[in-house]
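Below: a set of structures, written as structure tokens.
Each of the two complexes below includes subunit A, the first together with subunit B, the second together with subunit C.
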Partner chain A sequence: MRSYFSDFPKTALQASYWLFVIYLLLPLALMMAISFKDANFVAFPIDKWTLKWYAQVLQDKQFLEACLYSIFIAVMTTLFATIIGVWIALLISAEGIMARSVIFALACLPAVVPGLINAISLRIFIRVLDIPTGTGAIILGHTVHAVPFVVIMVLTRLRSMPNNLVDAARDLGADSFVAFMRVTLPYLVPALAGGMVFCVLTSIDDFVRTFFLGGYQTTLPMLIFAKVQGGMSPEINAMATLVLIVTAAIGLYAEHFTRRSRM
Partner chain B sequence: MMVDSSMTETAKVSPRAGPSYAGWIGKLVASPLYAATIGLIANSHKTRLVLLLAIPLVWIVTLHIGPIYQMARISIMDNYPPAPGGPVYTLDNYRLFFQEPLYFMPFLRSIIFAVCVTATTLIVVYPVAYYVAKVVKPENRTRALLLLLTPFWAGELIRTFSVIMFLANRGAVNVFLREIGLIDRPIILLYNYFSLSFGVIYLISLFMLLPLYSAIEKIPSSLVDAAADLGAGPWQRFRRVILPLSKDGIISGCSLVYLTSIGVFAAPLLLGGPNSTIFPEIIASLFHGSSDKWPEGAAFSILMLAVSLSTVGLFMRVVGGRTVKLM
Partner chain C sequence: MQPVVHFRNVNKSYGSSLAVDNLDLAIEPGQFVTLLGPSGCGKSTTLRMLGGFETPTSGEIFLDGQEISKLPPNKRNVNIVFQDYALFPHLNVRRNVAFGLELKGMASDAIHKRTMELLSLVKLTDFAERMPGQLSGGQRQRVALMRALAPNPNVLLLDEPLSALDAKLRQQMQIELKSIQKTTGKTFIFVTHDQEEALTMSDVVVVMNAGRIEQMGDPHTLYAKPRSRFVANFIGETNFIEGRLKAIDGGLAAIEWNGSVVHANLNGQSPSVGNTVAAALRPEAISVLSQKPSNTIAVSGRITQSIFKGDHTSLTISLNNGQSVVAQLDPVALSAVTGDDVWLTWRENDAVVLAD
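Moving on to the complex of A and B:
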């Protein structure tokens, strides 16, 4: 039987796809192009090319410090969010838990609340508890935001796990800790990898929570924000291009990894 | 659970008879400290349940509900930090919102803006998602999808920045139009609603794309074939078969895009102008700078949260009927 899907105005669909791809890629591609422009202001056309902006960025102490700080926050966030997220997912999937859907809804709450409101409520929360703004508060905020996504990913994976695997381990004499470490956790690896990459990327990218919870030390998005507000220079383009390449590489690798382990 | 408790008994009676494992976990399990701590917990059904419950529940109650509760509490205070005599509770902060058009109008504008962005994103992204899910050959699908996903691994600010360069007076669009002789002086594209919606859609269309894609991909081709065999034309097949079957994707995509676009913060700061002030900027200004108006800010945040969540709830009810699940 032939498929009638192909009877649809196929060219129109194809055109919409490619137009959309151009819409998504063109601004970023042009931004990258300007980072090679040999002039002090950001404008088209590009007549002379140079690498000096990259040299300048790589020597920029502020940029390097912001990178390290952002990476540190992302690693801590990922660590905490993964532990708490897995824990919550185990609770939700446990046998005989009452009000399962209520717990699930509440666990997802920070993902549903608009970003700004989430940031403001956390800002109020830490002031009420007298927690100072700064590194700890940022990590707390990023972790709260990341936990729901870890929960969802781990739960999806747990649902596909046959019940009898853990039962078999227990029958063979493993206590529940060993069963968890040797059966459940290895089974969760693809979901954990996906969740961790997601945590790292959202934490490095996060602006609004850092804006409200941060102290004097700037993270990468804060630095880029300050530079963009302070005036355009191809140096920002070079900076953005470097960050983009690194994050896209992490994303692509994670995509590749999860795709392969799913097969 | 019977199996469970009998296992526990044997483990308690003869701990040495337990199995041994290779690697660090074997050393850990064999150590006497383990039997006294983790082993004890792991073998007792009750402590295990408490441990499973305690940390997640404490986390959810303090950090998922706590901040919103505190925000609601401060929103009905007359002053924060409270005056020495203790806080006075009042509804003035909410009254202020409805009396002052300076607050009320941006709020309305924000809601209308988010609705327009959501509708535009749905219309723009639907054919794209459909194309990837149904027209592209299965072996090329991953590649077609990756091409769309890659830009989203660049951060929010980097993408906003690239939009600025794209639309600026000496940016790509204006230079291109001047080169081909369509315009003499640049068209103002930046710092208005156009640039704001362009940028926000650029930031969040992924949240529409993925749910739509997975919903459309699940539609069995045989249903569409059957409709065609019964004489339905392309439009009817879309209207009567494909659209209703992709309803779940439309609902979750629209909800996600709406909730995200109503809370965007960096994009309006960088892409919006004085005439396109939307509510997030107003709220943020109440928390930052010299004016320390936390109770007002908290009240406005609560209103915004209530309105945005109830809009989504209403939308799900109306479009999805009763069967909708968030996931």
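Moving on to the complex of A and C:
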């Protein structure tokens, strides 16, 4: 391996890395540890351990409903964002498209516009159009935010696709639709999987847009926010730990999958 | 016999540049035809127009008597073997070969039977379930070939399919391709810039340059009787004899060259006496003598370089007029060494007059 900064003490580089890791992981570890604490308040040290908070969370109807609601929104967001994202990526990579870079920049804008600005503008927008806040508005907001990630992933994959794969399919008797379904789409699978996981994770994680666009039903982040407002308790730690484990598992699995199927 | 493929006055231009210039080409069924030429000569464009990936700017293309120049690729009974194979990376070998058959709506057991038959033809039955990424270059080549043959096309098009293989494998594939063409009896149209490849496999070679056909014929004729300087240069090594045409006598041209009058076959040309003409002379047609022969015309020169190439020795001989001539000789029989003064002779018909 090449060594940059060869005159720089190696231990200093290593030390700064480990400092970063501790800074990243210690708060998470603390949060997880306290979720096992047998007391009604969040503090150290932990003298008695328990699983009762988990039992309580898993029986908490509010929590389970919020989970289901968040998952529903995430699935719908992923569905719409994937269709729109693939469509835009195909448009951008098509031959003879004018102003390709403008289309790309516009499609990617939602990824860099601050969430708060995005949320407020969407809120005003739906007010103007008389669309009620609630599920539809949330999905709309999440989709706008998720599309750029799908576009970028699919475009990257499309650029690595040999030109003549589609030609070969056409040559063997496929019309352009069949060629897309049987050759282009399967080729895009790793990018689609990555993009979809990204959509799910950003949607489940989103607080700001949901806050401005939501109705009476609470999503998971909204519920946790409300509970924190009512005072910290190890129950919140247990909830957060569950969310952390599930999302980390999905993320890491997706990363592993896209890496393996890279051809 | 009706030609299986017929280009009639086909032009293809990109903006102001003409890629194919008034092409007229008829191909007989069952032949191995090679389009040979340097890059940019229009050979690939010609192939892509036949495959349906380019539309002619003007002119007509007939396949089995039917005009097809406006049909999309999926409506033409021709298949292409692409330069980098274009195997579908997400399908295994068997599914790749079956692709065209599935689209034809063939029954699945019939598809399986034909696929395995084709794979056994190239000894790849054991690799049927492998993914293309797990195959060697030569194996991918064979899969691509069988995938293109599977739908039973009238004509198989091959777009420089051997260029990615190493020299040894390429030679082996040339022989294999030729034998598959013979077994299947199909018309193969093969595009290459490699003259050796063209000579090895083809029944007919079409030499193209700047969008036009320079010459078309069987490999032996092209080699022995090139019509133009371009063809003579592109196929094999050639010496040029250039000089004033002194006389025409019984199918032979008498050309003033290097202080002598030498003879060359007229090669179907009719140059005017007194004009400058050029003739081509292959290096292996030249004999090198240490003494001036009494019974035949000879040209004198001095050996300036001698390179041993195994099966032959390549001599560079400098003539009195300053021109260098290359001769190929049998190393065993050769006694002359660098610096020797020698006499060159050849059979009159081995030198051929060129059109330009």
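The criterion applied here is as follows: the second predicted complex is superposed on the first by the 255 of 263 C-alpha atoms of A that agree within 3 Å, B and C clash if a C-alpha of one lies under 4 Å from a C-alpha of the other, contacts with A are read in each partner's own complex, and residues count from 1 in each chain.
What we mean here is this: a contact is a pair of C-beta atoms (placed from the backbone, for glycine too) under 8 Å apart; a residue touches a chain by one contact, two chains touch by 3 or more.
All figures in this text were calculated on a predicted structure; none of them were measured in a lab.
Engineer: For A:137, decide between first (touching subunit B), second (touching subunit C), both and neither.
Structural biologist: neither
Engineer: Can A:178 be said to touch subunit B (first), subunit C (second), both, or neither?
Structural biologist: Both: A:178 reaches subunit B and subunit C.
Engineer: Identify the partner contact of A:162: answer first if only subunit B is touched, second if only subunit C is, both if each is, neither if none is.
Structural biologist: In the superposed model, A:162 contacts subunit C only, not subunit B.
Engineer: Once the structures are superposed on A, label A:170 by its partner contacts, choosing first (subunit B), second (subunit C), both or neither.
Structural biologist: In the superposition, A:170 contacts both subunit B and subunit C.
Engineer: One more residue to check, A:189. First (subunit B), second (subunit C), both or neither?
Structural biologist: The second partner, subunit C, only.
Engineer: Which holds for A:57: it touches subunit B only (first), subunit C only (second), both, or neither?
Structural biologist: It touches nothing on subunit B or subunit C.
Engineer: Of subunit B and subunit C, which one contacts the greater number of residues in subunit A?
Structural biologist: Counting contacted residues of subunit A, the larger count belongs to B.
Engineer: Return first, second, both or neither, reflecting whether A:229 touches subunit B, subunit C, both chains, or no partner chain.
Structural biologist: Touch partner of A:229: subunit B, not subunit C.
Engineer: If you stack the two complexes on chain A, which partner ends up touching A:199: first (subunit B), second (subunit C), both, or neither?
Structural biologist: The answer is neither, since A:199 touches no partner chain.
Engineer: Is there a shared patch on subunit A that both subunit B and subunit C touch, and which residues make it up?
Structural biologist: 167, 170-175, 178, 182
Engineer: Note which residues of subunit C are touching subunit A in the complex, please.
Structural biologist: 51-53, 72-74, 78-80, 82-84, 86-91, 99-100, 103-104, 133, 147-148, 151
Engineer: With touch defined as at the start, can you tell me which subunit A residues reach subunit C in the complex?
Structural biologist: 162, 164-165, 167-175, 178, 182-183, 186-187, 189, 263
Engineer: Considering the complex alone, what residue numbers of subunit B touch subunit A?
Structural biologist: Where subunit B meets subunit A, its residues are 3-4, 7, 11, 18-19, 21, 25, 29, 38-39, 41-43, 48, 52-53, 55-57, 59-60, 63-68, 70-71, 74, 124-125, 127-128, 130-132, 134-135, 142, 144, 146-151, 153-166, 168, 170-172, 175-176, 202, 205, 221, 224-225, 227-228, 234, 237-238, 259-260, 262-266, 269-270, 280, 283-284, 287, 294, 297-298, 301, 304-305, 308-309, 326-327.
Engineer: Which residues of subunit A touch subunit B once you look at their complex with the stated criterion?
Structural biologist: 1, 3-10, 12-14, 16-17, 20-21, 23-28, 30-31, 34, 42-45, 84, 87-88, 90-91, 94, 103, 105-110, 112-125, 128, 140, 144, 147, 152, 167, 170-178, 181-182, 201, 204-205, 207-208, 211-212, 220-221, 224-225, 228-229, 232, 236-237, 240, 243-244, 247-248, 250-252, 255, 259
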